[in-house]
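Common to both upcoming complexes is chain A, partnered first by chain B, then by chain C.
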Partner chain A sequence: MNYFELFSFSPSFDVDTALLAHRYRDLQKAVHPDKFAHSTEQNKRLAVQRTAQINDGFQTLKNPVSRAEHLLALKGIELSHESTTVKDTPFLMQQMQWRESLEDIRDSAAPDDLIDELNQCFIDYSQSIISRLAILLESDQPQDWHQAADHIRKLKFMVKLQDELSRAEDALFDDE
Partner chain B sequence: MALFQIAEPGLSAAPHQHRLAVGIDLGTTNSLVAAVRSGKATTLPDLDGRHSIPSIIRYTKDQIQSGYEAESYSAQDPQNTIVSVKRFMGRSLNDLQSNNLISAYRFSSSDHGLPLFITEQGEVNPVQVSAEILKPLVARAEATLGGELEGVVITVPAYFDDAQRQGTKDAAALVGVNVLRLLNEPTAAAIAYGLDSGQEGVIAVFDLGGGTFDISVLRLNKGVFEVLATGGDSTLGGDDFDHLLAAQLIAQWQLTDISPTLERQLLIEARRVKEALTDNVLVTASLILATQDVLRFDVTRDAFDALVLPLVKKTINSCRRAMRDAGVGIDDVLETVMVGGSTRVPLVREQVLRFFKKTPLTSIDPDRVVAVGAAIQADILVGNKPDSDLLLLDVIPLSLGIETMGGLVEKVVSRNTTIPIARAQEFTTFKDGQTAMAFHVVQGERELVDNCRSLARFTLQGIPALAAGAAHIRVTFQVDADGLLSVTAMEKSTGVQSSIQVKPSFGLSDVEIGHMLKESMTHAKEDISRRMLAEKQVEAARVLESISAALNKDGDLLSDEVRSQIEASMQSLSQLRSANDADAIEKAIEALDHLTQDFAAKRMDNSIKLALKGQSVDNI
Partner chain C sequence: MAYSEKVIDHYENPRNVGSFDKNDPSVVTGMVGAPACGDVMKLQLRINDDGIIEDAKFKTYGCGSAIASSSLVTEWVKGKSVEQALTIKNTDIAEELALPPVKIHCSILAEDAIKAALDEYKSKIS
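Presenting the complex of A and B:
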């Protein structure tokens, strides 16, 4: 399924997210199951299927990491079930350091400040990868796409870090 | 093309006739029913002018009492008078024991570990009790509106998991009403307010009821209500305030050897004191013992606040988490809406005000706002407002996942994903020659299976015997617009498939539901088959009406050959419809369904294209 097509965009990393949201709402208004609640079972089923695709497509295109991954999949580079790992040593060192900081949250005197600080670090770092990724994805050279794939793998590490940060934050709430 | 005339009495309504549909707020403490009449959504009162009805059912030897009548026996006959049954929905006996909820009742356990209340009428399960709560509401609606209901929207806490939702839908099935949608309570409240004020922006709905707490963060945009995040606690509510205060009174009065009757008396008194403390800073709790001794104790609002503060803090933490999940800041929030009777507690209002820095909206009665919103949605879903702009995009409250090696959870659908949604994940065999694979579906946020709720287990058989890791099994999770999950597993090379409508581990099986359905009818067999036939006839009428409208509108999408096949098939369904053979009607519907599948899909895709076109025109 080509989600760019579904939302009538040309396949590019550069997506107008406001327009995307607008189109999403218009598509929902056309096929959401609520519009078929009093219709036949067949229409109800189709509405659920199409809406599920639209929801999935919207999530995929809205988020830069999944959008990039989808774009590469359309170019024939599939990352979803791969086992390739990141070999960039400085990157991995940085990851380890951040992981240690995550563990420090629990015993920190000012955990909220540490969480905010880490959060900002993660956002800044991800943003810098994304800007490089954007350039590589606009290229028509397959070797650039493979390099883009490396950046996406790194971004996935960053997503995991973000998740763990959220979890650490949740754990703080639960202790209160 | 007017080939088919389908407006026989009782079968199908004329196209523009007002269809009867209501919204039902099936609450922990009280329940209500509301409908849109003359364009306005209001709750429907009983003959004595009372709008809400206590969610209490009493089982005596030869009858079932409900509402106020049942309530009056609550203290006197606690073991047969079931209160707050919503807290038992979708829960196992084990869950309940750890929640300290069960002391007043006698319980036994079903085969699946489902709690069964032992009453004078025998064992009853929470689904049956909930059905009894629904019955008088449906009867009231039909009497007030003057006809049979075509559908109902029932509200559930946003934070209800799959088992709790399924249980609620099963209860409606027992009553025999058509559920148009399970609607999340905070979303219902947002609709009730949103339509009144026509606002745009982010709204936070804080919903603290008798037994459940929800927080939902929504964005309103041109009639579309998009839930950004939801959170809460399906075991936290005003009841817990009562329990804390009752425990305090027990300690204060040094009561020991507490009978079920005394316990129920204490809870009723605790609730009275709590409610009175909303408008007073000091209330005297009192209790008359069996010995006729009278106990008294002064409770100040400050003391009560101190008692419940930890619980209120928990709700604020959920708000913080939901705001983070929604990706919006406090300053983005345009309005906060208060729902549920427990938001009358001054400390709750104060804490919510402090967190959101806004005076919450309370202009619609917090006890009625959910039912009102549900009625508005029911009116639209049943088809009375084809031109309405209102659309709800709701989310799944808790992540869905599958157990992997080592008791870990692999998330397939994360919480706060917009529904309906379908997601697939691939798994592989880990032993050479493995021909079967067991799946365990769980719901929750934690990493370990043991800390999540078990939803279902099923096995995919017939996997080709290959080397470890060579078979590829694709597991697809589909969540419908009610938030209910179905799962399919398929081995990719052979196409061997296994699918289940996830029936919760602590829910009822189809067999049990069928059995209960039979029990609930006096002339069981005859009634069931008559009902089945009527349902099929209505569906046949709906199918014929829909396809004939589709042919009129988009008939040019079809070749002459396919069109005449469809018309012939419609003809035979139309003839069968008046006969009394439910199976034959069902088969004819299936045949027609099969023939028109491509046509229907094409039409759906055309409406997608059309929607985008309208869009691009707007933007030029």
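Presenting the complex of A and C:
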């Protein structure tokens, strides 16, 4: 399934998300159950399937990480997260250091400042990966696509850090 | 998801947590990460002149299975030669800890951590 085609976009990392949301609503309307109230069972079933595809496609294209993964899958590159190990030592050292900082939030004298500081670090770092990823994905060289795959893997670690930061923030709020 | 008793034991009483001085010439470090869950694992080995792993320490940010897998390998590698340590397979770790299929990547991570540390050892002695 090519979700770019489903939403009438050319396959590119650069997607206008406002236009995506607009087309999503239009597509949803076209397969709304009300339209199939008097239809055959088969058509009703097809409409339900189509709705699921449209929802999956919207979620996939809306999020930059899954959009990039989908784009690479269409180019024939599967990321196989379950069996791939990242071995970039400087990157992983930085990850460890940030995980340690997250642990420090609890005992920090000014936890809100530390949270803000880390949040900004994570956003900046993620943004720099996304910028490089965008360039690599526009390339027509397969070696660039494999490098793009490495950048997507790194983004998964940044998503995890953001989750952990939200969790630390929630824990802080619960204690108050 | 239910963890096996062995996973819980390693998780609650992790063996050999910590770090060695990375400036110690007999210490090598393996850093690995699993993109599936964002787990990060550091395994350090102290290897003597005869190529025997004298001591091991780890630090892992991850789920119970990732912590248990790294804790287990620090126990397993101690006293082994570099060649023997390289024969430890993720399937051995998964079997020992009774990891469910969705946690197999934790055992792969631990095996790759040993390999990464011993890659550094090999480049050091060559």
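In this text, the second predicted complex is superposed on the first by the 156 of 176 C-alpha atoms of A that agree within 3 Å, B and C clash if a C-alpha of one lies under 4 Å from a C-alpha of the other, contacts with A are read in each partner's own complex, and residues count from 1 in each chain.
Operating definition for what follows: contacts are C-beta pairs under 8 Å (C-beta built on N, C-alpha and C of every residue); 3 or more make two chains touch, one makes a residue touch a chain.
All figures in this text were calculated on a predicted structure; none of them were measured in a lab.
When both complexes are overlaid on chain A, the residue A:12 reaches neither chain B nor chain C. Of the two partner chains placed around the shared chain by superposition, neither chain B nor chain C is touched by A:108.
Of the two partner chains placed by superposition, A:2 touches none, neither chain B nor chain C. Legend: residue contacts after superposition of the two complexes on their common chain; A:40 is shown touching chain B, with no touch to chain C. Set side by side, chain B and chain C differ in how many residues of chain A they touch, and the one touching more is B. When the two structures are aligned on the shared chain, A:156 is found in touch with chain C, with no touch to chain B.
Legend: residue contacts after superposition of the two complexes on their common chain; A:86 is shown touching chain C, with no touch to chain B.
81 are the residues of chain A that lie in the contact sets of both chain B and chain C, per the superposition on chain A. Looking at the complex, you find that chain C touches chain A at residues 29, 31-38, 40, 42, 59, 61, 104-105, 108-109, 112, 116.
Per the touch definition, chain B reaches chain A in the complex via residues 19, 150-151, 180-181, 221-222, 224, 226, 313, 317, 320-321, 324, 380-383, 389, 391-393, 417-423, 426, 445, 478, 480-481, 539, 542-543, 546-547, 593, 596-597, 600-601, 604-605, 607-608, 610-612, 614-616, 619. Listing the residues of chain A that touch chain C in their complex gives 79, 81-87, 89, 91-93, 95-96, 99, 152-154, 156-157, 159-161, 163. Contact residues of chain A toward chain B in the complex are 6-8, 19, 22-23, 25-34, 37-43, 46-56, 58-59, 81, 166, 169-170, 173-174, 176.
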